[in-house]
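Consider the two complexes below, in which chain A is the common component and chain B and chain C are the respective partners.
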Partner chain A sequence: MAHVSVPMYWRTIPQRYKLIGYKCKKCGAVNFPPKGVCKQCQSSSEFEETHLSGRGKVHTFVLISAGGAPPEFAEQEKAGGQYPVAIVELEEGPKVIGQIADIDPKEVKIGMPVRTELRKIYTEEEVIRYGFKFVPA
Partner chain B sequence: MMAVGISGYGIYIPRFRIKREEYAKAWGSFSAAGVTEKSVFGFDEDALTAAAKVTRRALESVPMEADMVTRFALATTSAPYLEKLLSGTVLVSVGIPNSAFTSDHTSSTRAGTEAMLAAFEHVMATQSGKAVVAAADAPKASMWDAVEHAFGAGAAAFVISSDNLIAELEGHFSYASEHFGERFKPKDDPLVRDLNVKKFAEGSVVRNTTSAGSALLKKLGRKPEDYQHVVIQQPDARVPVTVASRLKFTDAQLASSLVSKTLGDLGAASVPVALASALDAAKAGDRIMVISYGSGAGSDALSFKVVTDKKATVRVQADTERREYIDYVKYLKIKGAIQ
Partner chain C sequence: MKKVAIVGAGQSRYGDFPDKGIKELFFEAYKDMISSVDNGIDPKSIESAYIGNLGSGGFQLGNMSALVTEYCGLTHLNTMRIENACASGGYAIIAAAMDVLSGAHEVVLAGGVEKMTDVSGMKQKYWLGVSGDTEYERLAGTTFAGLYALMAQRHMHEFGTKREQLSMVAVKNHKNGAQNPKAQFQREITMEQALKGPIVAHPLNLFDCCSTTDGASALIICDADMAKKYTDTPVYVAGFGGASDFLAIHDRVSTVALEGTKRAAAAAYKMSGLSPKDIQTAEVHDCFTIAELLAYEDLGFCEKGKGGQYMEEGHTKLDGDRPVNASGGLKSKGHPIGSTGTGMAYEMFNQLRGTIQKPARQVKGAEVGLIHNVGGSGGTVAVSILRR
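Right after this comes the complex of A and B.
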């Protein structure tokens, strides 16, 4: 498993728990997750924090099944079967990657409206790593 | 005195269901009286993820921004950690200010109303205060133990304040006593035990619930027939019927809140989800009597008067009807019971 230390994970809480985005002060594009230099204008590195709505639409997705899951998600795949991972285009513009929960994987469709909610992502060092997943909106 | 009450509420019933027949196939019997099926959290859910969801739904129902909240109380008997502040996870994820006073109520199934009363005390002391109570639970016991059969999963949250009331708190009365052997977790074991001394346990349930309930009726000068709805702790679907009849409430008064028939025992979230179900059905002017129970033992009784026809967006019935049935093997896998 790609080891993520507790302090490293903690630093990503604004993104994982709350979807804090970073709005470029020059061009207005919302960067998520944070970037050193705005990925839109490629020139500004000044941002202001903005709380994203968590709402968006499925841009594309794949179903992860036996053997395809990264080690930290293997237990989830064994218990629950295949699960969808999607790129979602948020209302505010950024495209973000995340699992889609609370749905029969066969029912996931491109374009379907989703929103984020808190879920258990995986457990490492007996510490539950919470973060957002998408669910049907 | 200023009126305080419920200004908004939100519920969540997870999608997975298992039917009593699945238990009957696996074990030859199903021990939860009156329960036909029950709800089950997904592999990636727990009391905190469900609490975050219902907190957001309750705030949206008002609607109120999370940064207005000054008090947050969490209730569960299935905390994902035995030691660690639990409410902080929910507070950060929902966006409640870090300066809000939070409390975790975890030691019995009475925790849901315990948290509600803590929230009411805050709002009565601070008129501008806005409290949120979230109760989320999926009690856990050994698969070998019959007490496990009833255990379901669900959550409800309430916004408690003195503005925009849906239901006004008319009064409350609590009763605590010493009982043991019924539903407990020994030190160093996270699984619920029950010595299964049925008559003794039923004596405790009846004594605590009826003592709190009848004292509150007396305090308010009311009779059972003054209420359109009665909400009682639901370790199964039979206990609330027994308690209701002891207090001279009818099955009709119990009908709007009897969620355990299809959701099972929701632990500390039992009364909160059942109260939300009664609120879904209530009309302005209706009265709701609420009586919780936690083994060990104690009960809280609360009386509400419904003052508007406003409802939460997500109804208990609608979330209950959204379901996917699983078999017992999948249930064991999701519960992590196969190591």
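Right after this comes the complex of A and C.
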């Protein structure tokens, strides 16, 4: 099924907890999440690990309501109403998707500065999943 | 170079049919296809079959193409399931065309089927989220409505696309679908309804989203040299193209264009020797209203950013200069995932031959039409150009 299984989650912990990006040794583009071959130059698979700052700007966003929430997020939607999800352009270059927390959804704007914080995402298969969410910077 | 023609096309009714499974739905389309061949066809002449299907809720993941074809009395075929999410049917056409062009087989079936209403609403979302980027997009709390809403929001920001322009797509497609006896929702909606639908993923509301649908469709594709044996009015596959892209939209350079659409269309235009100005009518992948506006732009019907304006000017209405989704589109005709692409070809086959059941929906005099089928949020795209 399309939910994120525990092993699938576990394999992405370096990204979710520590924002580990991968800088292409050939063209310098930061790949986050990781790729086998650099997504920009598509000609190198040599990377250098780099800690991303987590700071960036909202590129676009959506406010997820009841009908648009995956079942594993239905509880969150029910408890707190619609929640914002954004694509954020990080200052190191890559764009990444994540929720925006600690904000009235009506206040979310394209271009607003945000930063990541480690937050609880949800509990599934009896395992608490943590990961980054964005908060206003 | 060899050419390929469509000589028969059938479709089941689209909708919610508790009494029919994938076998029965596919058989309904199959019978309709067989009876559509003007001079008749011996089913035994079908050598090969490509069936688009996402997985019908996981109920028959293995060997489904053999299952649905043997139910129709077709055994010993070279057959396989084609899976590229919502673009599975579009790729079944490409696979069938390549099969004929290779010379391996002369008469090939391209079809699609999906059974989406057997799974409960909650389970459906688990099942349907499977075609995007699961690790990141899903863990951020989005489904496809959310992803297309991200594109819509950015499109509005960059180009000033208006909320009303999105709703115009829904109103237009429902108006067309009301004239389609095989459509899931055969009713018109008002602009006010379209604007005031319950919010699903702001800026998209319920009327910006297509439904979940049961349905099937099937085509007979053969070597163009033998097409006249079956009918005096074959429809030729003038060109086709398929193109993939990053699954996650955050990995893509642009969030306001589907690069897959541009590339697949470029390949189809090149193969056919045609250009966007030659396309007189099209069936495009309007899984969400914004997707139809993106399609206008990415297929080259208008400039990037002008999709909303192009809609508003009425070009794509039934009485416009380039009607789009005369069938009602995914929005009103329905979106039985695996069947959607071949269902588009069924519509275009009838549009180009002038055999649409209800004259109100017939695009008059069209000779060249394009079909555009998107998998997921653009991870795969199939485009075919059909010509009378």
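Simple rule for what comes next: the second predicted complex is superposed on the first by the 135 of 137 C-alpha atoms of A that agree within 3 Å, B and C clash if a C-alpha of one lies under 4 Å from a C-alpha of the other, contacts with A are read in each partner's own complex, and residues count from 1 in each chain.
Heads up, the rule we're going with is that a contact is a pair of C-beta atoms (placed from the backbone, for glycine too) under 8 Å apart; a residue touches a chain by one contact, two chains touch by 3 or more.
Values in this document were obtained by computation on a predicted structure and should not be read as measured data.
For the composite obtained by overlaying on chain A, chain B and chain C can both be accommodated side by side without a clash. In the superposed model, A:59 lies in contact with chain C only, and not with chain B.
When the shared chain is aligned, chain B comes close enough to touch A:79, but chain C does not.
When both complexes are overlaid on chain A, the residue A:23 reaches neither chain B nor chain C. Once the two structures are superposed, chain B and chain C can be ranked by residues of chain A touched, with C on top.
With chain A used for the fit, chain A forms the apex of an angle whose arms reach the C-alpha centres of chain B and chain C; rounded to a multiple of 10, it measures 150°. When the two structures are aligned on the shared chain, A:121 is found in touch with chain B and with chain C.
Closest approach of chain B to chain C, taken over C-alpha atoms in the A-based superposition, is 12 Å. Overlap of the chain B and chain C contact sets on chain A: residues 76, 99, 121. Note for the complex: chain B touches chain A at residues 14-15, 42-46, 48-49, 52-53, 56, 80-81, 89, 92-93, 95, 324, 333-334, 336. On chain C, the positions that touch chain A within their shared complex are 122, 125-130, 134-143, 145-146, 149-151, 153-154, 157, 198-204, 206, 246, 248-251, 255.
The touching residues of chain A, when paired with chain C in their complex, are 1-4, 8-9, 12, 33, 39, 59-65, 67-71, 73-74, 76, 82-83, 85-87, 94-99, 110, 121, 129, 131.
If you check the complex, the residues on chain A that touch chain B are 13, 17-18, 51, 76, 78-80, 99, 101-102, 104, 117-121, 128, 130, 133.
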